[in-house]
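Please go over the structures that come below.
Two complexes are shown next, each including subunit A; its partner changes from subunit B in the first to subunit C in the second.
Right after this comes the complex of A and B.
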């Protein structure tokens, strides 16, 4: 062989390696039944989340290389980047570029920093995910020294955006520290030039006019808890005087007036008592002019475990609740009231677009530590809010160090962070690596640690998997069915 | 009664992936009885009856076999796409001739 031929033979594979003219090749793809137990229709997706729904016979023909290029499914699968042929070889570059975009959030690194400014709270919610203590326990407040160190840590992030979230307990009970952190962060940001945002998760019951004025001036968003109508909210959030709902509604009214209507958000938690009340819950949000609701299940952390609140309903029951709620929200939209369901909006953004959502629990590698991190009231640093909740119950698995005694490097490179990250990667996990929903799903090592004592978890037994898989199917089913529901869902991305 | 799976048709990893995915429905024991895999299925209390377990197993086994075929035929392309995704090198020369992709 002459030199030129030798050089060419190094650059090209053997002829047999190339597709025959007119034939196609598969791109890396996964499939899953479109409905649990249904063997007629399958969702097929590629590594960057493009998907198609096909019949079983199409799937089999596709995999065995027998799909006719004249069939209508051929064009669909080609357009969705599930196969390529001689005419569409540039698909490979496109898929690579999309994959790069989807995974960009990993390189962006930590963007969410939770400051637990106090563990004190004026409520005694039975499912509270952190052990709370009475209002007069100064020992449960973060100090300025800790906050200053935590801010030094925060500004080490390579992320161009920083969101500082004040958590508790009830964070407004340590408002002077919130003021301190906001002022110091803004001062630091004059040099750093990051996109800096603040949000406080508060029950609003202790927010004074003075506090709200500060929030307005410093552009601090407020997120509160609203579990539904008065009887449900008060039953979920017991307080002396049994008036949590009234205080929350009054707080929302005052806060909106002070900082702007759309700067006040609300979150709900689904307890056993909520399961038959999803329409009432949605109606309460509508009545108070919220255009977004987040139908959230209880998480298996903190006092939700101690009080057994977490075990009182199954994943299947929650999914039923969720589907009923989603249908009702779609119905309210059709009747002229624009409203989003936040979890569907996050999942649809992952299903239909290439943008990251920043939602810590739906990322692989997991979002713990590298998407969000927690500075607890005592200076301890946790990989996630769930991790610090578990610690209040004595499980310090996700404790990464202490802000007063450990460096940024010691914390971010600690085994407590690297081990769960490595162990929970979906791309190499049994079941997940072959799941059509992998591009939209996430590793949730804290959930699986709490429920199965293992960072990865056996997904056949995982409530996290059962809930997400069913919602992915449900949303894709609605998108495929088309019509007004699909149009509304598409508008949520 | 145990199910018998031809070793010439299904790899051990395919049978194991099938059992793993169905672990919440039944427990099972896999025994090598060359030239077949013998799969002894034990329904879990409150789960599907034995006949349904067998049906679930057979359906899932075929799916797992399809998945194994996909992995085999796309492994190289996956590596290429991932290396391109993180290196930014083009997989297809600008003239569109895709000689280096196979």
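Right after this comes the complex of A and C.
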């Protein structure tokens, strides 16, 4: 074919006839060094979580209005909705639509309802602040009257989905109440028509065949604790007979057989003893055919937390643990064993998509009360699971009322809920409001109250902030580096 | 290739009025029911009475109001709908009852001038097209499962476009409707509302976005501001919950930007119902600019692969149209659809030994000859 024929027919205008506009306007954006202490490259993000990583000189040109529309960065920054021009006025509506989608969870309102059906437990884990080894049913079990009231409360939610989670203690020790709640909730739901789910957080050691049969028939998911290999698990979760690990593994086997392999999940808690064992922990999950693991941070709600400096120190150590674990998990994937790390999965969903994650600890306004709420064994209502644990240590800051004596309105409009919500909003928080990770992060008034005695917290001293910042940077770094790691991480959303 | 149009047909033209007719082979149809029917005659059949039009696949010199059709029209059958134009002595088949690919051309006017357009726009008064369709639609089978609407830009007709949609809703309630539009007129929220209020629930608009870069899209469609208006239009359609498909024709000006486009769609237009990547058709401007536009699909398979993965991962249904299976990587075969309308679909002889042929979209009749040398039968 001749060269002439490869030209566009003359009746059409050349591409030069459709030039880029000469000037642009900034959309609301934040920026931050792509690696701590490195001022060469910056992450720039907008209010709905689109981001680009650019050189410092590009950033300077961008914010000073001098970015040339002929530069390739112009095209990138415009496509990522950090700027718009006369050719892309629709950007404003797209950003609005994305922002609306991302914040929809606030309007959906409370979707997670924790029922602490008993405080009694057959374990004596040192990291647990709440359980009682006791036979005193009257003192530590929730009553049917409380449960009925709590269900009335639950079905007041405007949320189209309701997840009821049975907590303890060991909730299976009060199984009759679980049965009562499931049956009453289903009866109520015939009129309400919500997407109703149940999950029980159990150590599986007391679950009988009868209980498992009930869970199978009523489609109750089971979530258990598995902290790692036998020695670590048993050290973390002491029990008379020192056989918690064996009981858990046997419990997982029985539960999977009864209710379905993938309806049994496991959660791990990181302790000091776990910090150098992340590969062993992941291996334990792989050996028992779990395809998800949640590398959960050390909790500040026990004696673990003494000083602010300690908080930051443990944050750094934990991030090291987390990164090592993440790499090891990515490597399992590359070797053909698909496995997600749950925290990364939540963060990546917030970074890469507009879907809400419903994860109570990463929302602004905070998720306390308005994403999840807790009915304690004694009828007290708490804004969060952490809040009811603090109460067992004598700090009732997050107690919103009592289900027997307070109305829905009194509880949801209580100062104990509204104050921490208003005080912790990221969009108006010092440091947070100008953070490039704001759209991915959340307010955690429990954490900052526990560590700093303040709902908002000074983020320079916050372990929560230190941990999340470093993980955001780490994940975005991996996404930007591309290749197989990025591909695997993208598949976790 | 199935011919849908023929003109200067021999026959006894006297007394045949221009109009639309439903085809029947029923010689004994009650006379009172014969208005708007054309009797199809083959195998020596003779009419036992008079129809307003006789279509003969055999010698017809003795039959009044008759047309002698070429043998290539022997596919016609009971329930098909066609129009006769007396000034050209022409027949155009508008609807085939047994085909899943019925498409109604409502206008040839367009506010785009796409460099690969297979149906180049014409600035003429073609309002007769809608008049005819409004007569033809009631003649179509009530069981029709799907109908396409194409142009030109259908929405330029305004109220007349809505009239066609309403007629489809009332006459073909079981049909799913697919409209090819550039989406720009949906910047008018009232049009979206009217469609939502008045038309089929089961309607989808197939709208092109050729690039995440507005200037490239505007160049491809040869219209300033087109990209911005199309995006606004899609947002408005989705505001009313109206299904939208994004269509991307693949050629030299579009394939390189596919991954960025997929990423843009995933992030910003997550609510679209599906995305289709489509091979180039050598018709109209597509033919005039063929050497400028054509790129062998094998050359852009990496870009398609990336784009498909991005969309599939975001759970946006994605389809490959008009791309023969031997030209795309095997792991993309599940996304491929047999998409080419039966009447313009062909397979070169080289395909006869191919194991994948039963699942393959094949080729546009217009490109089959060109592709012959590129075909690699899957054995």
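The rule is short, and it goes like this: the second predicted complex is superposed on the first by the 453 of 493 C-alpha atoms of A that agree within 3 Å, B and C clash if a C-alpha of one lies under 4 Å from a C-alpha of the other, contacts with A are read in each partner's own complex, and residues count from 1 in each chain.
Simple rule for what comes next: a residue touches a chain if its C-beta (ideal position, glycine included) is under 8 Å from a C-beta of that chain, and two chains touch if they have at least 3 such contacts.
Note that the structure is predicted; figures quoted are calculated from it, not measured.
Within the superposed three-chain model, A:97 lies in touch with subunit B and with subunit C [touch as defined at top]. Of the two partner chains placed around the shared chain by superposition, subunit B is the only one that A:63 touches, whereas subunit C remains out of contact. When the two structures are aligned on the shared chain, A:490 is found in touch with subunit C, with no touch to subunit B.
When the shared chain is aligned, subunit C comes close enough to touch A:50, but subunit B does not. By the touch criterion stated above, A:75 is placed in contact with subunit C alone, subunit B being left untouched. When the two complexes are overlaid on their common chain A, residue A:89 makes contact with subunit B and with subunit C alike. In the superposition on chain A, contact of A:39 is made with subunit B only, not with subunit C. Within the superposed three-chain model, A:354 lies in touch with subunit C and out of touch with subunit B [touch as defined at top].
Shared contact residues on subunit A (touching subunit B in one structure, subunit C in the other): 12-13, 17-19, 89-90, 93, 97.
Only residues 11-13, 17-19, 25-31, 39, 47, 59-60, 63-64, 86, 89-90, 92-93, 95-97, 99-100, 103, 430-431, 434, 458, 460-461 of subunit A touch subunit B when the two sit together in their complex. Of all residues in subunit A, only 1, 5-9, 12-15, 17-20, 50, 75, 79, 81, 87-90, 93-94, 97-98, 101, 352-354, 490-491, 493 touch subunit C in the complex they form. Of all residues in subunit B, those touching subunit A in their complex are 17, 20-24, 59, 63, 66-67, 69-71, 73-74, 77-78, 80-82, 84-86, 88, 90-92, 96, 98-102. On the subunit C side of its complex with subunit A, the touching residues are 113, 115, 212-216, 218-219, 222, 224-225, 227-229, 231-232, 235, 253, 260, 264, 266-270, 285, 288-289, 291-292, 313-314.
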